[in-house]
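Provided herewith is a single structure, encoded as structure tokens, for subsequent inquiry.
Chain nomenclature is as follows: A, B, C and D, assigned in order of appearance, with residue numbering initiated at 1 for each chain independently.
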């Protein structure tokens, strides 16, 4: 990573803006695009890059083999960690070789490759084939993403090697196979050269998420959560798939290079659905992104996904997978910009949905007691910020926040995991306290403090800078109600500080008390509980081991480095490097919409400057309130709660917040249950009408006709004789009337 | 007479028979009798009306026919089997009468002998044998109540309507004077003479009688009948004659009409000369029937297990209808 | 033709040579048809097995009458020959049928034909 | 000759099974099916047209003809193109799996069972290799007989109703198909003077018929083929038959018999009646789309696993029909690929369910569940196949579903692909909800069956012949299928390339026809507009 940063930073001195908030880019041609560079197909110098994908696959296969062989050691974990670390190293090498100004395509092998020559033949060549091969597209955006994905993946796998130790055996293999599959899918998603490969990764991470959330498959809640996650994601995938179809219909290609070239030349699509291309494509992609990144209509799966093991929550549901939606929109930003240029409102919708989700999730997080759920809602909220950033056209801010969030949220989750691990699965912040004073928990306490500070956006932290990047943009970009949205974001920042520190203060300060969680202890930590958790008062927490502490330390240092890197330039400067990477990718094309120096001011200051103070203040206020209520004077918190519950006019508020605004219930009542009823009705319809009346009814017609004559066949000899004689009479009648008389 | 009139009469007749069938209702039986007889009479009158004015009325046929029909109707409606059998005798006798009227005297008498004498007696015998307790006291229920009379009457009288339509109405009905119906008398006569030709002994006797009556000699002369191509009788359209050689002297003797073979002879000749195989088959049938009757009568009844159970008042065993398909997927 | 017939009749013996009159044959055929129909109705309605067979005899009679009548009309003996065959069949039938009736009667002591309905499928 | 041998190997195996004794039946059947597989692989390696420029049959059917009634032009012609060879391979590949899957499940009348199985696969292969209408139809119908007996003798409790419904329903339908084909042959004889039943002759002749006649022929053909596919209102035989059939029967029904319908559409409907297809494609596609959504929703409320998978077949085959009717190479290739991938995925699922059923004697989701703990290997294969069925990229289901949907999506008037179509985005969009619903019901099933706390029927006891988890034999039966699912998922191009020339040849007349169809519609619209204005003017 060092060399990568060094290389690119030197190559792009002009981009090094440091703390500079201006986006001084030249005004582009159509839709205000930056001039895209057609990708270079380079398979020689980037031959190694393929191993970024193949190493996780190899590790997944090996884990499968271990499972089949019944390996009981930590071998799967070390295999996975080695593979992921290898992947990270290769990513670093690759990125260091990469010139962001010229994207590179590395072709791995043919996948879907169809071509035809006939047809009515009026079209250009591009429509005479559908090519979606296994190939890597390396540019700034994917380089940026792959670096932190593989790094965090390695770290978290390392952490999990200790965390999952109780399950050594098949479960251990299964877990690490899942992690490897996830990393494979994520790299495919990020590095995919075309939308279909992106889709492969997209669904692949869904699969991995499904398998890992359902890791404790004996718990019905975990199974249900896994299913919910996959299906919710599938709803989003539908949007993505439709977006892909529409893109192909309009542009005749699914390869990023071709698409960006077409968009850059001002093409708004080719088919007769001209209007649709610009209007619908962004909306479809948006739906996909919202599903994967847990935004408003589709966010409900993420908190439930906390049923999975904590490393999974950290890796998939905080740091990496959920940012895939951000990646998608950043990657396809040209479509959104085209939409904006043609008068569409897709970007504004992204911003607004992101902002509102941020607020909604923050309010829910304030009232939760399960610390992992607090963190989950916090993730939803922070993802909302990122979408807001994308919608406000600061893809740099959004991507920057992705990185910082990945670090501090992974850190927070891993700390939560450590706590949960040490305290018999206890996650309720009411039943834990004063852990700070228990020997061996210092690292966890400190790391969590770092994470909380960073999440809260306390001045000087990385989260502070990245969040300000987004919030300030709200006062810069032109759009429907963006100013108001900015204030929502600022309010949310205050709430974030409050709920984050509510957790921290509750767990780590105050009088020391704890008890293990009953069902959890017996269920998923069976061996553990058998040793330690038979009696609550006999319960002794065990402090995290070396590996967990190491990972927490590394991640804390990373987070700190991200903050420091803001102030330094050149080699160690993070912001400049990131900005350079983003600017040269498809995500950066929109930034020059807001030329430097022309944007409005906030309270007479330049918005970025003003935002430092405003959001800093809000963050500190939130922290102070949390300190007052949850550390200094906990009775006040109880009083406040009692006061709120006691007043009828306001009592609904805490209750609704605790119940997550009843969104799950509303979904069940308005979608799931009616759909179930419809399904039952259709099944009934199928049996009664289609099969019963339609098919059996038709089949019964001959039977009905036969039943008319059935009385003749009553088994009585004379009955048969009667019909025989009747038939004879008819024959004779026919002979007499037709043959002899010649007419009837 | 048009078909509609005929069909209407058939319907009336059917209704009449239906009414007669109703058990123990004298009034309806009378009404039915009147209706049936009326319909029959009506049709007969209509038939006779359609004839030439000077044609003789076949009064005897009508009498015998009415008797036969009355007997038949009573036979199928009478509630007591024995009486029904006796009414059948009426039918047989009346039919024999009609046979006689149609110059089938041999058949008439054999009918009476075979039917009334043999078959019917057997029937009566079995009737007596098989009468169950109820019928000795009165009439068995199943003898009193006809089964599905309406369907049977519809079928029967539709058949009747069509048959009588074919006999009476189509192309003016069955008419002997229609072309091809009655063969020319010459050919009939020739056929019959040829029968006599096939009976050499009788022919010789006849010729001998004729020669004897012609000649004055008391001692019959020895003669031989000359045959040309195996035929002795030559028929020239009006007269049949035989060439006879008496003492080297040829004579042509004309055969009188009375020398024609009788009805019984004709039947017998036809039987052996035209239908020999059928005759043999008939014999075999009779033989087989005899064997069959013997076998049937000697047969011991082996009741099946279910029937024994039923007879013992137990439920029959259920048949396992799945037994053939008992493979099963697993 | 009539002349010949008359002459023949006058000649004495062979009254068989006289063509039958239209009225006669139609009446006789009508009678035979009626008898046949009644026989059939009887066969279909009587439930006594013996009487059913008797009714078949009635139908035999009817057809025999028709045979004789047609034979008379065509002036040949074959009608009568067929009546002989009919008689044969009737006799054979009577023998067998009555044997069967006796057999059935031994199984179920009734003459009711309705008692035997094993042909019925369901 | 090669193809005759292909058909005769299983038949001779039948003789061997018949004389080989009850105990050896399954081994002989396995040997025979492996021999067939080997021969089919040899044929596939000899097949010269995998990457051909043109649509060609091998061996040339005309040269391979065996006259039966020369006066009526009836001759048996055998030949394969790449599509039918692929389907033959699908069939012979699944056959050993079926035999292995029924190894201990069939305990009584084994010989008969394996004979029916082999006859079934002979008939199905016969359909795929026939190049004349008579033998096509003969094999098409003959395949019902072994199916009927497998269902009626070895099926579940409702086997009687199921077998009768299966037989009569599909039989009645295909009678109409025969009618349609006979009409075409008759018209051919009327107009050219020669009787011929060769598919090549009829397909070149039939498009010259008038549009009205083509419509009726389409209707007749569909009556037979849509039942087999099955298309929405004609699907009800399928859940019953699949549910009641023994494992091997279900596998064969789902994997191969259903393909007969779609293959028939590809062989007859598309080349024979192009005008009618263009006119009626939207209507049929509506049925397919209804089927997709409707069956998927029904799946969701099933409690019987086999029934669930059976209904999912209805849903899945809707995608394949949709791809076929897209009338562009994308859709057609997707459709052909769908035949294969559905065959493998659903066939494998039925195989897995059969293995479970052998152990627990129930397939009711309410009675059984949480098997992942007890049967991890089984669960692994089951989940792989479920995700292949869900359409997870990287497994075969995705490629086919993706191509079918993108084909449908791009089947718009004036499409730049050079293949204008009559369907369009709305069909694809509604059908694509099947993706969500598919995930819903399949994961519902997986969640119940594999995950959650272990639930077993109350009267369950361990099977003495079978281990708790899969035996090596069972793994040998299901693992190849899973491997194929994976291989096709990441390497679909050999198949796609093989189908390319076929797609182009079959679809040759369509662009012009679709364009003229739209022109006519425009003209009609203009005329009606014109009459409207004139009326107003006169008023």
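By our rule, a contact is a pair of C-beta atoms (placed from the backbone, for glycine too) under 8 Å apart; a residue touches a chain by one contact, two chains touch by 3 or more.
Every value quoted in this text rests on a predicted model; they were computed, and no experiment measured them.
Touch-path distance (fewest steps) from subunit C to subunit D is 2.
Each chain gets a centre from its C-alpha atoms; the one nearest the centre of all protein C-alpha atoms is D.
By number of C-beta pairs in contact, the leading pair of chains is B-C.
Work out the mean CA point of subunit B and of subunit D, and you get 70 Å between them. With centres defined as mean CA coordinates, subunit D is found 36 Å away from subunit A. One finds 4 Å separating the Cα centroids of subunit B and subunit C. Rounded to a whole number, the gap between the C-alpha centres of subunit A and subunit B is 102 angstrom. Under the contact definition stated at the top, the residues of subunit C that touch 2 or more other chains are 40, 44-45, 47, 113-114. Touching two or more other chains at once are residues 716, 718, 722, 725 of subunit A. Within subunit D, contacts with two or more other chains are made by no residue at all. Residues of subunit A touching subunit C in their complex: 713-718, 720-722, 725.
Residues 165, 168-169, 233, 235-237, 294, 297-298, 300-302, 328-330, 333, 370, 372-373, 376, 387, 392-394, 398-399, 402-403, 405-406, 409-410, 412-420, 425, 428-429, 432-433, 435-436, 439-440, 443-444, 447, 450-454, 490-493, 496-497, 500, 503-504, 507-508, 511-512, 515 of subunit D are the ones touching subunit A in the complex.
Contacts from subunit B toward subunit A in the complex involve residues 147-148, 151-152, 154-156, 158-159, 162-163, 165-166, 170-171. Within the complex formed with subunit B, the subunit A residues making contact are 716, 718-719, 722, 725-726, 728-729, 732-733, 736-737, 740-741.
The touching residues of subunit C, when paired with subunit A in their complex, are 40, 43-45, 47, 52, 113-114, 116-121.
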